[in-house]
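Next up: some structures, all given as structure tokens.
Two complexes follow with chain A in common, the first pairing it with chain B and the second with chain C.
Coming up: the complex of A and B.
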């Protein structure tokens, strides 16, 4: 332990350089751990968004695109599914339940999803967890709306508050359905999935607000007021996507094939687990690039540390001579410099972990609100510990260089320094 | 004099430390082997071929035996009707009930059903890669519903073939529709390495 005490007093003698070195290493460690943590938490969020659903059906586009717009509300559908196809699929052999989703509207930047009240019973996320209502109940009227936890929190709505649906999926919309206001009937508990940022209304509600519109715009001569709409046929002509549960999972391929080859309409059926893995394959290139860059930054940081120690060696020759004069052998000088590298890197890692936790605490709420990604400031994962141990290992290897130079100095200089 | 004694002591300490490390490594290796021999001794799994999952007298092509489908182009409605009949026949695929309760080992590809970002806990085992995109899809007696036990699958490795070992069950799910399927619970999963020795 005397070695450690010596290292500390030596480093504290050069506070400014030491501080800079620790700071630089800390930043590079923060970058690596931060990238890894965001990557892991994003994967966790996406993977747990849906569970216990055997197939997702939409108009024919691409499997990753269908997954993204139907579950994650990223991007848009290319086309809708006719109501007839929806009914046909519901009656297909092997199909247990079908939940329709209708997309295309929004409320102040939050996506509006038209669905049936069966959605709240059937939808599962994160290993078959069901949805829970923390306030209110599912819809019982065509003008009811259920809010996801984040939507309710950001908009500050309570059960009973009015809500006007806008046309289009932008964050600010010009065309609104003001003549047919909705009221909040329930608020869901937080799920950590894109559902938190959604507003759910009944399918009949979607039809009602578009009943006097034609080709995407309201037609003044055909206006029907909110109450008269109730008399009309409100089952929709089309829906955007279907969540399908089967009587047995082994029928997944058979039903998927039948939907993909459906003769009267071009449809696409995906198995969510497969589509998700395809998404990761697309993203893995970017992920690997980010991790690669972070590793490079760590190497740069460690190289900088090595340079700093090497340049300081010249000024420390007197220090080394003093140590030799009190009985330190050249090998002790070597181990002293090695220990110095290790202490600097460990301090840098500790500092980096502190920055990581600090920034997570500061920015996690903002990330959750804007992107729906939940990042927790918890303990380091085993993978993160593995990275840290590797960095320390690198530090030991890098520490050999200044250690050896100091060893040589101590041999050459002996007990007095000739400068 | 003191320095020599100190050096000898430190050398002794290093030797003792190396010896302890080696012993611990060997002991931990040793602990693993008795367990696996116990498993092997109790229930030797039988290596199964996918064709064994299909009853020997089953011929799904029977429905179109007297029709020469090579005459039709792919978009001919008769071709579609016949392929639909074929598919219906495939979907009623019967299981071999004698296999129920046997400890088997079978290779295949996993299609994830229940999963989180670290582990796939339930998947469908199919005989070929891309069962979801290749035409035609495997019939229901060439699909096994597997619950992985303690060894799961890393979701990123579902594209690679695996060996699945476990007790095979034949379930009759929906008797009126004739649905039946194979399943394995608490499966042991290992990677499948193609051997070049033939």
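Coming up: the complex of A and C.
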């Protein structure tokens, strides 16, 4: 089109308002894309974290709560599962394997997960990917620990380093199991799941460090030292949660019902996928509100652009009349103004995408640290492209207003350029 | 029916919308093809208004106006726009340059909107930009560095020549010049009129030239006082 080249010169002639408009639109686009990116990456991350597990069993509570504390290490269990129930479920028909998890302790802000070494074989993330050891190996002793990649990196630990488990999950721990130190036996590869921030120790280790404790405090009269503890029966009395693999997924509902109706203890079994759906339902209200606000902000940004162009029109009557006098038709003027809106919005979108990636690069590590959510920079998803196209579409619709106004001007003012 | 006249006016009346008093009332005026017409008359006598009618910028209230065998008064708005862009080179009294464009961009502005003019501008084998440069240097603006400058950085006399180059680019059949020499010094005035004549001769264009400077009229085929043919007597 003949007028496009003029658009850039004309916009550059108004650098300040142009810059401001592009900046505002950029921010609003960033907000929308950012909310969307966090939303999908969170979902992605949550879905990836549980792959091979068919059922999760815990003490009876809400299913979302169980899901959150067992897999995502968010929040705490209200109650434990007795060792007998654990054994019973292991022997149920249709159950292939059961991995116990014992939660509740921590090491320098990282959650300690007591489990069996079967965990490292069974656990899958991102559909079918198994856990990998980049250094060392699974536990061979009750005082061994395996670190998630992020935990190892942040703590700066290597295989063989000692570590002391603290009681409770607060980041400021008062009580530590200092008498029974662990040593790092292996470090896992990065998974992009909450496992990266976990410290795994054998279930027997959990029992050992608590053997001379009662009600959350050490009992001085019962002290058992680290070595003599080995002589004792170290099977735990209870575990926090069970990850259950079934021989076939068709048993899921049946096993779930049987666990839920377990007579001797109030238990809850959840199917991870279904619990996730429930979690999304809870979250979708907030998500929708956020998306709604972002869309509003986009509208405000576009309205700001329209105002800026309309304001400029008044000063540009002469410019428009001149263009008319050298042969531009009112339609050309209309296209000029339309193109201006589109150029502004496309520049704004580009800017918004830049901010998004900049902030992802800057803040993604922090998000992963405090929430375990991995947000990646990189290509825009098809959903994001769809949003961008919608914004451009909206800009075209909004651009009609100043376009039509300039069109009317140029018809009414005709070509009589008055100074 | 083709005639040898590029401009034919009969019983033309015009008054600006904001005022009811008529500005033009001309019973007859014709300009043959290739003629160079020098139009004079006191300030406010309606010279610019007449040029606007000839340039299809405004439509007369009454009467006929035929330019290049086209009846302007019956043309639609967009046809008139097209017609003006394709056939008429207009040097406006107030230059009408776009302040934020460079000299060369301003000169090429007109051909941007007319395919016909852009073809004619490059007919001699030069690119449009080169042709623009040729016109500018013929008008005494041969400093290369000047071409990329914003027009507003130029002196008024230089701006006037930029406006002239824009009107001449693409060899329009009718060149309308509204006091194009008012800001030029004596030497440049002569050179300007010479160039205008040359360009018009080369492309066999008709020239309507308005000026208050009687010393320039010698070079023209015909000198016309608007006050003599306009029945409206302006104050």
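Operating definition for what follows: the second predicted complex is superposed on the first by the 415 of 419 C-alpha atoms of A that agree within 3 Å, B and C clash if a C-alpha of one lies under 4 Å from a C-alpha of the other, contacts with A are read in each partner's own complex, and residues count from 1 in each chain.
By our rule, contacts are C-beta pairs under 8 Å (C-beta built on N, C-alpha and C of every residue); 3 or more make two chains touch, one makes a residue touch a chain.
Please read all numbers here as calculations on a predicted model, not as lab measurements.
Within the superposed three-chain model, A:108 lies out of touch with both chain B and chain C [touch as defined at top]. In the superposition on chain A, A:274 contacts chain B only, with no contact to chain C. Once the two complexes are overlaid on the shared chain, A:39 sits clear of chain B and of chain C alike. Of the two partner chains, chain C is the only one touched by A:325; chain B is not. Shared-chain residue A:408: touches no atom of chain B or chain C. When the two structures are aligned on the shared chain, A:357 is found in touch with neither chain B nor chain C.
In the overlay built on the shared chain, the residue A:93 is in contact with chain B alone; chain C does not reach it. When the two structures are aligned on the shared chain, A:12 is found in touch with chain C, with no touch to chain B. Under the contact criterion defined above, no residue of chain A touches both chain B in one complex and chain C in the other.
Against chain B, in their complex, chain A makes its touches with residues 40, 43-44, 47-48, 51-52, 54, 93-94, 126-128, 247-254, 256-258, 263, 271, 273-274, 276-277, 280, 284.
Chain contact summary for the complex, chain A toward chain C: residues 2-3, 6, 9-10, 12-13, 319, 321-332, 411, 414-417, 419. Those residues of chain B whose C-beta lies close enough to touch chain A in the complex are 80, 87, 90-91, 111-117, 120, 122-124, 126, 131-132, 135-138, 140, 143, 145, 155-156, 158-159, 173-174, 177, 179, 181-182. Contact residues on chain C toward chain A in their complex (touch as defined above): 52, 57-58, 77-78, 81-82, 84-86, 90, 92, 94, 96-101, 105, 109-110, 112-114, 166.
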